[in-house]
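This is the structure I want to talk about, given as structure tokens.
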């Protein structure tokens, strides 16, 4: 399979199209402009729809409409733009729409900076809107992962009939790396899925025994109380904890220190771990691949009797990811952080220094 | 002879039909329907000319009109 | 092995293209992990334009290396900004036709290339970056020169076929300077 | 005996929750009978705004989708573009369409998206208890203009037909009311015309219903009709504003 | 001091005015309509400004503008309306605006229901917008508390020059209880504060040595990097953990079981505790009064050797508050939940039943 | 020797980051010199939209506040109502004012809020790299209309002067450009007139600058002026649209 | 001591006023904790309208009691909805002029008040709620009747002074029925 | 004699002044300023009539104009 050298944003858009995405709506915002721009050129080639929304609020409502017709659909934005979508994201969770949302995050709060950051962790994993809904949240570390996760996000959105969220950042969106692109989903596959979705899609009744109704607070066509819907969603989230946990570890067996990170920070942390091990430090690495559901088990499996500490590296000040780590580590090991924010990249040397400090004498 | 039928469960007692009927066919009772509305009833069915004015104006589509073929 | 390269200049100088050509050639001719990261300021014209390239045998950590093995400089501000980002013993490439200031570093190899001048002599100021590229490859030998040139001609050729010959000439002139500098440093 | 006037077939027997005499009911009835007459009931998807129109869902036998407050036109545009064979209509109040959703409404109109918008202008936020809307008349008292709307503080009633008519995108714009039989008839004609524009692929169409809110206006249903005739229509003249 | 019998929403508005609030912008949404409605009548009497925004997004931007002039200002909304404000809330945190935001919460996600709920816990405490900022979050249990907290919120907003958030719910907003209203802040007090704020407010330079600049990413007038600002905010949050923790306990000394809850659920839980204790169960009660900063200490002080368990009662499914409780309890005691959502109120009997179950034999 | 033309005193020596030939610079210069001539520099608060105008902050010596994308008018309305003695101006691009902020702009205009809006129409989203804006001309290629804007898909260029002129709230609306000396002179007159309307308490005023974006248009500065004259002005006629 | 009262009917029947009058009087004449919670459906007219009142010596838990000591019913649907919300041994007040159906509960005291009829006899259907209030107070004695009436006249009087005398008469007629029912039950 | 002064650090080399000057007073050098722009310079100062056209059109307010009193 040939590798192509691609920018993260463009690779995400191309992966989406190969996954069968046939609708994109979005609004310009750095550093994700190349997502809509790519779609604007590419959608006509595959018979898909590209629609530039008049705002993020409108774009999210457009995404919702597209999802309601039963096709694969996506939006992307960055940080403050994602905030403007939060009502609609919650609405789409409330209406069980199989859509994909990609946040190419930048500094915050508010407009923050156009530089990359990881400051939207809580928002993405715990409160992408009001009402307490949660989504599957992917956090790619490389352009290849961004491609693969985008591809899978569409399948999972369809599987669970629920929005799936990709939390990436401006580094991953703007950098170029060689990638293997996944195969193009066949028109037959997509047509079959669309046909199946016609069991609930809102496109005119067309002889269906009952009119289809989509509303926030029930799966399409279902009549239930909001509480019943919320319970059902909760059960799904609990099931995710069994089926959807994804993480990666390295060198944890003999580790006296764990460095943990996700997304862009994880690749930097991982390279720090390599160096530290070469220097003779017994350092291990834990990385949530999806950041929701949070892979508690990855931290449960650690041998705390050996651990001198856990170092959380993230591009967020105040720390956020570290809060979830703390919650699962439960004081069984000291936790330290290595942080940057506001668009500054975390430096490998800073991680190494912090790790050495926490490690103490070799 | 033309006649109207008012579905009392649909009627909300707005009186639009009462006011609109050129023949004063429609009035109200003191009875209320399940929703608690004092609904309209044809009180002078015999005067009805089947003009459909009442039905057209009824916002809640409570009235249907019949005429000899 | 990991090679980190930083190219710095002003928008419109072909900085990003320089980095991309390295990466594309590396992709086609090596098995290395490759990462390219552009960084530009808010202003579209006249603003700074830099990019970071990493070619490595292992997965690349930060797309934006803290320190680089090679730094290529196209403007005075870039020199000021990035001089310190070079590892001791690394090589600093300077287009001396636009970058009028002198580097302070004494612990690095300095390769001065009057790329702008050469380009103008050849006939088009726009080919200066190819000249720098030639010098860079001639000196570092991190990628096969013919492949780099081929990639360049393919990429630029598509956009500006009229510059093909000039680009080739610029690249080769740069190569000579780079190779000579290498020989001198060894 | 022959039935010469029937309840539209698309109306379920579930009673809607609109207040007595509320012309939301009238608008819904007219739209459903127009869809019936044009044989579009099976092809139509309705995008409901947020407001009293939430009632529509229960009693109209149509594919339907609720959408975040104000965003009906954005959602509708997307549905239409993804499923061009569907007749896509929105049904929105004045708060929804002309305040929070103003940008979405205008941009869909300006794009000329091939959808049909039904706009129920009752000069207030009915569902939330009668606050000032962009369409509230001058001097009208609402729960947020307790001393009456005054132009210095609250600005002027918004004429959406006029505003949208400055754009090139719309192909049909009309304003109707349902206060009496001739107007009900005209309203239905306008609704059908608007839908026909969509069927013919002509682009954005809108019918504004000058409506009432007896409950929050504090009037009986009959008084509210009188208020429409005497006050609302002066500010919101009926007629066809655009017909390409 | 005379008690008056008032609705929560109106009491909040009156308390705000007495605290010196002279600007309110908001958009209608049940169950908080009586807040703007009350202001629309009352503001003219105190020379304040009431402005009905064209949306929540606009209202929040108006609040920001008002705050920037240095006066006390507020907005309120409910759940999905608050979501629409999230970009601007983050912006106001980023610009250090001393404003007050009140969420009279209802069911969610999305539009949810108009009935009360506590489903916005995560959003309020962890992610009211992008970028990882946090606010002081009050959670009143009674109308009197709603009044008192509103009053204090304005002082704290001024003290920290930062938005303060009140998370209440439709029950508290719509119910009536007798309240003692706080005294009206004097015009002199407010004038003095405004004058002090003129050191940074944006109202025209008027001879100031330097023009005032307010932007997202720095305190007014300060020139710094976004990261520096984020660090400063983080330090403030850490300071809050020392100065701003507020909680209440009851019967914890001899407790074998703790019932914990906040806001509206807390009052129900508290009455359940009374009944349980009368029945001879050694049950204690822990209630965060502010839910951010979270009163970890309240749970640290418990005698876990005695505890059979901790019961979290909240009107949210999936649970949210329970997550924070779990994080601080660290498996030292089993945790159970008693939940409702979507507008259903939590029943005292359900709390009592759940408590008895967790308690086991007396 | 006497200085007969000076740099406006309100402009810091910090250089702004606008691209060469970008008429954002021209608009800023005109506004600052108008404020200077009207003696308003000390009384003015500027509300900056989000876009290339973020540059203003650094080089204009004015009280200023940045505001979320599109919300400048809402923020400005609140400032003005809380501090009526302040001269409140906004400075916004077309994406900011006419797309995401359309509702805020129109509602402030409709309320007749006593603020002055400066609207820089460069037919694209300059700062984010040249995407289509509501004001993009037909056939114009942008990064999101790679095949040119076409009316069926993207709708028509929005004429904000026309749209706002349908409302009763605004007291002054004009469209100007800065392509040549006579136009620069007229632009300054319009800016002064608009500000004077605010000083006189007449309500909402707006000056639209038909501007350029040489960078994203892919033209040299001089070519971009030509493009304005030949294409932009045909779609966006200069003149005073409202003057009460 | 805690008294929980639930009043249920249709919008426009004065349900909320009923509850508020109890609370206001309690506020002025007792030291009790008082909570009132209204609950109405989406429809503004003809929709349901209910309210919950709690008067208690201790801080009130839920503003919406699960079960009530007293339930006051103004409409058929309300009976259906709330009949079961009454504690065994509690009292159920029914305006029999509008509520035509019969309760199923046999473990509670039932006080039937033809309040609508009485009101019409007195001369204005709108005073039915005052009649019910009288009956409620007459039976329950939880608040001093004269104070309740005074509060009512003050509150309603402000809005509709013309109804003052009628309200008083209605209240008193209700009181009689309530007191009599109490006597019968004891 | 009238004259102009161009603040070279403000100039971005847009050439508006060069194009606009009726007397062709202004030209460019190959020098660039700190920002990297090839700035404009008066090359025929002697022809200047002090009409201010260049200054008025200069978007970056880089030009100031002097005249005899």
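Each chain gets a letter, A, B, C, D, E, F, G and H, in the order it is written, and its residues are counted from 1.
Everything that follows uses one rule, which is that a contact is a pair of C-beta atoms (placed from the backbone, for glycine too) under 8 Å apart; a residue touches a chain by one contact, two chains touch by 3 or more.
This is a predicted model, so every value here is computed, not measured.
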Which two chains does the highest number of contacting C-beta pairs join?
-> A-E
At the largest C-alpha centroid distance from chain A we find chain B
Rounded Å distance between chain E and chain G, as computed from the means of their C-alpha atoms = 35
State, to the nearest whole Å, the distance from the C-alpha centre of chain D to the C-alpha centre of chain G.
-> 41
Name the residues of chain H that each touch 2 or more other chains.
-> 12, 35, 37
Shared interface positions of chain D, touching two or more other chains | 18-20, 66, 68, 99-100, 102-103, 107, 127, 129, 134, 154
List, in ascending order, every residue of chain C touching at least 2 other chains.
-> 42, 46
Chain F contact footprint on chain H (complex, rising order) = 3, 7, 9-10, 12-16, 19-20, 35, 37, 50, 52-53, 55-57, 59-69
Given the complex, residues on chain F that touch chain D span 99-103, 106-107, 110-112, 134, 151-156, 158-159, 162-163, 165-169
Contacts from chain F onto chain A in the complex sit at residues 50, 66, 68-70, 95, 99-100, 102, 125, 127-129, 131-132, 134, 143-147, 154
Residue positions on chain F within touch of chain H in the complex are 1-8, 11, 15-16, 18-26, 29, 178, 180-181, 184-185, 220-222, 225
Per the touch rule above, chain A residues touching chain E in the complex are 57, 79-84, 86-88, 90-95, 105, 107-113, 119-123, 126-134, 216-217, 225-231, 233-234, 237, 316-318, 320, 323, 326-327, 330-331, 340-344
